[in-house]
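To keep things clear, I will list the structure first and then write my remarks on it.
Chain lettering (A, B, C and D) follows the sequence in which the chains are written, and residue indices restart at 1 in each chain.
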């Protein structure tokens, strides 16, 4: 399938987005390391959630909220990289399909914006266990964007 | 709208479900008090998430993952109460509409099963800030049930 | 569960909404009778889709698009009744859980708005076969509202 | 993002799937031409919905049910191509984000299976107006698969 066409230059690079996240969302590291920005690109972002025992669940799998929070922040980062820190996006809808149990390792989330309109952004996220090809979760999200 | 008809007796009461949750999911209390079973009924469950600073986000609101995890566990509890602890349900789909920012107080989640079939359960959850009528979040969830 | 609180008076009654629908969406009756407005109320609407062979599918069930279109128009009607015909709502998100195969009879859709904000409306729809209690489909929808 | 890995050979090619669809779902052509199978591949299918005035809506756009039905059949075709006609898939969940109004032309749907398990298939669909790059709709779907 062809990629989504992008005509926008990035407003923030990886380091700028990461610094902004740590400043406004210090809580995502509560109780252990939180999601890390691996890279940002045109309409995309990749985030890593380092493995930590607080995400562990019975049967050696990772918690749903850990995956769901990772997907949300990955889309948020993709939006930030495009529109900059001046305008905050508000999550209005998130949908998840859980496909396999994640392994006891880091999670990687590849986010891609499917639409970045004036007042609405829509994107999807593919989550995998680090080093594995199979998807553990697919997410879609919708964000309300303030006037900018 | 008429209620969903129910012909099943409960397999577990509130105390039995709460004890089971604490036994198999001790992690939901990691870093502070986790969700509490308020009540269970035919095809329903009500859960409370006690307010805790680890759920706090900028602007004085509560985190998305806190709400999403609460919705998931509320549906799981409603299923457990109906089918008992013998069979574990696996979340396959969760969908959220976020409608208002929650207040800095407890969250209450009213879960209701819309279908409890042989291999699939479907339900919805309405989440409010304690003491308020307006919804902060509506969720739907789908669960795969093992043979029983 | 307590009902959603409503402080808004209706801008259009059943007959007004039905007349408006027929005027702006004559195509919903293409090839046979389309959805009929049964009633509107505060934040609610009930629609009926008369049985017609064009909705029939193998195994004696009704088509998914017939149910999905019915859910969409039911939420749209609930919004129209509240805000009047001056502002058109645009569907931005629809989510469906299909629970049972519908019978070869009319479909009834009970729509309820969960939020009616300045720029966004969110609602849910319960679809049943006429004369039956079990749900065949549950839908949630999100609508962008123009300035008004 | 890397493609979903596929280890399965196709059970049906384009012509076989198209013939099967026409045989079991003649109703999709009711009132005018229905969706056409353009191609199938490993875990993928592309469908075209020929433009027809019965899909037209006010403002020169195409109906939501036309898009939703197209997404559903595209995922169904991708599943059929993989597992063959012996086992029927039942749609359990569909989620749509509508991003732009489609033009008055054919619609193209690119479906991709994200998971094809023993009892559950999950996939996504990207819908565009023919000849245009921008997405008009993104859909995800879940299907229950009978024992095979």
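What we mean here is this: a contact is a pair of C-beta atoms (placed from the backbone, for glycine too) under 8 Å apart; a residue touches a chain by one contact, two chains touch by 3 or more.
As the structure is a computational prediction, the values presented were derived from the model and not from experiment.
Chemist: Tell me which chains count as touching both chain A and chain B.
Modeler: C, D
Chemist: State the chain with the largest centre-to-centre distance from chain D, centres being mean CA positions.
Modeler: Farthest by centroid: B.
Chemist: I'd like to verify one number: the distance from the centre of chain A to the centre of chain C, where each centre is the average of its C-alpha atoms, in whole angstrom.
Modeler: Those two chain centres are 33 Å apart.
Chemist: Chain C to chain D: how many Å between their CA centres?
Modeler: About 24 Å separates the centre of chain C from that of chain D.
Chemist: Round to the nearest whole Å and give the separation of the Cα centres of chain A and chain D.
Modeler: Their C-alpha centroids are separated by 27 Å.
Chemist: By the touch rule stated above, which residues of chain C touch at least two different other chains?
Modeler: Answer for chain C, listing residues that touch two or more other chains: 92-93, 95, 97, 142.
Chemist: What part of chain B is in contact with chain D in the complex they form?
Modeler: Result: residues 92-93, 95, 119-120, 142, 144 of chain B touch chain D.
Chemist: What residues on chain A touch chain D, complex-wise?
Modeler: 1-2, 4-5, 93, 95, 97, 99-100, 110, 112, 114-115, 117, 122, 124, 126, 133-135, 138, 140, 142
Chemist: Spell out the residues on chain C that touch chain D in their complex, using ranges where they run on.
Modeler: Counting only chain C, the residues touching chain D are 24-25, 27, 30-31, 54, 56-58, 63-66, 68-69, 72, 90-98.
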